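Next come two complexes, and both contain chain A; in the first it sits with chain B, in the second with chain C.
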Partner chain A sequence: MSPEFLDRFSRGNTICHRLPVRLKIVLTLAAILAAALIPISAWPVHGCLACVLFAAHSVAEIPVAYLVRRVGFVMPLVCGLAFAVPLGDGLANALPAAAAIAVRSVLSLLAGLWLVNVTPFDRLLAGLQRCGMPRGIAAMLAFMYRYTFVVFDELAKMRAARRARTFSSRGAWREWSAAAQLLGRLLIRSLDRAERIHSAMCARGWDGRIRALE
Partner chain B sequence: MHIADGILSTDVCVAAGAAAGGALALSWRNLAATARLRTVPLTGMMASLVFAAQMVNFPLFGLPASGHILGGLLAAVMLGPWAGCLALALVLFVQMALFSDGGWLAYGANVLNMGVVGSLGGYVVYASIRRFVGGPRGVLVGSVIAAWVSVLAGASLFCIEFAASHLADGFNMPRVFLLMAAYHSLIGVGEALITGMIVSCVLTQRPELIYAPDDSSASWLGAGRFAGAGLVLALAVAAFLAPFASDAADGLETVAQAAQFDQLAQESSGLNPFGYSVPLPWSGDRAGFWSKASISLAGVLGTLVVFVMAHLFARLFAKPRGAAAEGNHVA
Partner chain C sequence: MPSSSLAPILRVDRLSYCYPGSHPALRDVSFELGLNESIGLVGPNGAGKTTLLLHLNGLLPGELGAAAPRRQSAADRRDSGGSVITSDVARGATIEVLGMPVTAATLPEVRRVVGFLFQNPDDQLFCSTVLDDVAFGPLNLGFPADEVRRRVANCLAAVGLAGLEGRGTHELSFGERRRVCLAGVLACEPSLLALDEPSSNLDPRARRGFIEVLRQCPAAKIIASHDLELVLELCTRVVVLDQGRLQADGNAHDVLSDDNLMQSHGLEVPLSIRYGQRLAEPGK
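The block that comes next holds the complex of A and B.
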């Protein structure tokens, strides 16, 4: 898996990328809170917020097509909840509540996307740690981020090996058991790898702290 | 099942966040008692694994869609309840931050529904079953049943959060419960099946990797286990009983609708093709009772299916395969 897969645009060099990390975290949380707390009857405020977010994205040089794809990925579920449920009571009654859900979701989504696309994940973790995230949690997150790529590569290799040995699908049941065995093997391998890494870390004087180069 | 921002109200998000934060802090403290240094690589790796496992698709029988495992109970069975809960919280954080799957404000609610109920809640059910059914058989039966129960309990908790967020909006809560219970009894059967298959795979190849509680943590689990298991079971059962229990609310609604019936009827016939009911295949004139009854029937059937599954897993996979297993993991 290529490293660009997870946070694609986070290593750019625009003014948004150069802002201090903690400022970016605070700004994003403020935008999300504003979207959640301002009543939907004050919709011009939400409009302004949307304009500001779009401006921030364009300054950070994040393509619109990417944003549309990401929002489109999450929207079906949100719209499903927002519209399918209140429809039972008649559209006119349900519309304000449904619109509130949809507008708030899109705005919060845009704010969150901006944060991760202007901040590399390791910097984000360092910033969150300085905002009060416990050290142990941050260490685990850093470890997880590092080894996600390894586990994904291993999964891809095992799937390729399986495909190379499987010529036709033999029904859904076979596919289920094959996929479950794949995951079982991957689980065993990953836990063994974690034990090996832990021994190696202890051999190098691991004391529970992850040290980051600033 | 990831909740985006805007679906729950802010105060519900804050309350759920406080509960989830408390559970995570408790998990971290209980881990500190055992071996914290070992926890970081193991939990981190488990989180990446659950993350990767959610990318493996399982084709749904006869449907052009596919599902994936949620993995809360799997993590708890492998690493124990505390590390499992933390691993799920990590997975949810990365999914939120990097995939924008689930909102920042709703993070606490997501951790509560999937991490705390999925791992801690699932584990108390699993540990209670293991107390009665010993050996590898108990591991399999326990994980299959607990996986199903934990998915339903999580869905039920979501409904409660959703209802608390939209009390004033006049949403039709019984229907939310109905839909969630119907979908999640299916999702839960899939989760139970996949979890059972993976656990049986690990059991035949490396049984020593399965988490076995030592005596220090057993005391807590012994005291609170049955209470916790009862709570989780009650949540799961609530998903099926809620449509009936809310008949009174339905009655109130009917009165309210009768009061302004003309107006509403015009609107709904003009704009809403489904009328007043969710478009269930069996909805006819007297669909109200039968749709509720069929949800509960689905619950009973799902329970039966899961118990049969647990029995089959115990029969098929729990046999000791000493020699074969020894040879396997060297390769």
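The block that comes next holds the complex of A and C.
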């Protein structure tokens, strides 16, 4: 998997891509709020919202297969929540509540996916800042985005290096423990890298304040 | 010493450094660098080259061993970037940049004068677009937006990447990333460039281009490299570092052509000298 997967279609050129960034942010927030707040008994409204979202994705030329895979990625989490949370109320009410959580999550996710796939990330961050997001948060997100690519690269190299010296499958347990070690090494390497990045920032006069070119 | 007639831009005096829980990385290193002089820093892996460069920018806290370090006040020790600097002046060691001792108080000025090019471009290119990254230094120096944009455009042009402002840093090739790093350093208009392995991992064409870009930079340079041909082309003087000690310091051609010296410190005489086919006049 490559991190490009996160926002593969963000540099397209459809009408959705050309809309003003702040308008897109407001539309997305509105869709998420609607998905979260409208009572689930008004299910036709949710159905309409789903149709609108799918239409928006198709206008932006984002393929359905991509959406399915992307939503599938977070489904374990959504399902876990959907079934764990309502169990407190007893089994009788659990099923409708679980369905409500699942529907709301998937709709919100679709709205968010639309936003990141019709706006290049740096422009999205600039838009969010103009909507009042604090600079510190924007800087953190920018770092996250920048180094997602580097960390994924590093992970791919480490996995290739391991595969190059793995001559036969040694059972699932060994595989999992090797994967855990790999992730541990990746964490340590990332911490080292964070230190070097801090040095590089200091070397160019960083004093703890984040400045941006407006 | 060839630099003695000029006012030094850099003076390192009896510098020692030991990484926490490790053996000494630098032992009693002293040298000077004149204005507009270019010096090559050569030596085997682990000789202390990068450690020395990091000190020039005040990026390493100089813990100088057991011999009663002179205490600075807590306020003094905290540099503006947030990391704690312990005294570099302990045991009489000093680093001076343009006559300023490198201490917590002078760090902002020192970092303006000394531009540091890191070995790995991915450590240095931390912004997501080329424009933001090259603008990072000038913005921190407090320049207004139009001056920052002017500097970004000039420096990108100087490294041969004019007009690449809008590109994402992760989309660039390795050679382009290193050039953008250099543009980001040049945008602060440093008087001294500290370059850590500037030609590593570059293909021959990118390496050649990078050497030519460096040749055009008017700043004094200190270049840590295993690429001895590059050192021979760009530097008038060479310092050999091994096991944290200064082993030799002299005219680039003289030092690099000394077969015994080179062999005993894990180096070799550059082929251009060995075969008498010098690619360029030494020191030019």
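We adopt the following convention: the second predicted complex is superposed on the first by the 159 of 214 C-alpha atoms of A that agree within 3 Å, B and C clash if a C-alpha of one lies under 4 Å from a C-alpha of the other, contacts with A are read in each partner's own complex, and residues count from 1 in each chain.
As a convention for this text, contacts are C-beta pairs under 8 Å (C-beta built on N, C-alpha and C of every residue); 3 or more make two chains touch, one makes a residue touch a chain.
Just so we're clear, the structure is a prediction, and the values are computed from it rather than from any experiment.
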item: Which superposed partner A:R193 touches (first chain B, second chain C, both, neither); value: both
item: Contacts of A:D122 with chain B and chain C, given as first, second, both or neither; value: second
item: Partner chain(s) touched by A:F143 [first = chain B, second = chain C, both, neither]; value: both
item: First, second, both or neither for A:R204, with chain B first and chain C second; value: second
item: Which of chain B and chain C A:G184 touches, first, second, both or neither; value: first
item: Partner touching more residues of chain A, whether chain B or chain C; value: B
item: First (chain B), second (chain C), both or neither touched by A:G12; value: neither
item: Shared chain A contacts, counted only where both chain B and chain C touch the same residue; value: 121, 142-143, 145-147, 150, 193, 197-198, 201-202, 206-208
item: Touching residues (chain side chain A, partner chain C) in the complex; value: 121-122, 142-143, 145-147, 149-150, 193, 196-208, 211-214
item: Interfacial residue positions of chain B with respect to chain A in the complex; value: 2, 4-7, 10, 13, 24, 28, 36-49, 51-53, 55-62, 69, 74, 78, 86, 90-91, 93-94, 96-98, 100-101, 103-105, 162, 166, 169-172, 175-176, 179, 193-194, 197-202, 205-206, 209, 264, 267-268, 271-272, 274, 276-278, 329
item: Chain A residues within the chain B interface of the complex; value: 6-7, 28-29, 32-33, 35-37, 70, 73-74, 77-78, 81-82, 84-94, 97, 100-105, 107-109, 111-113, 115-116, 121, 124, 134, 136-137, 139-148, 150-152, 155, 172, 175-177, 179-188, 190-191, 193-195, 197-198, 201-202, 206-208
item: Of chain C, residues touching chain A in the complex; value: 54, 57, 59, 79-83, 108, 111-112, 114-116, 118, 120, 122-129, 131-132, 135-137, 139-141, 145, 148-149, 168-170, 184-185, 188
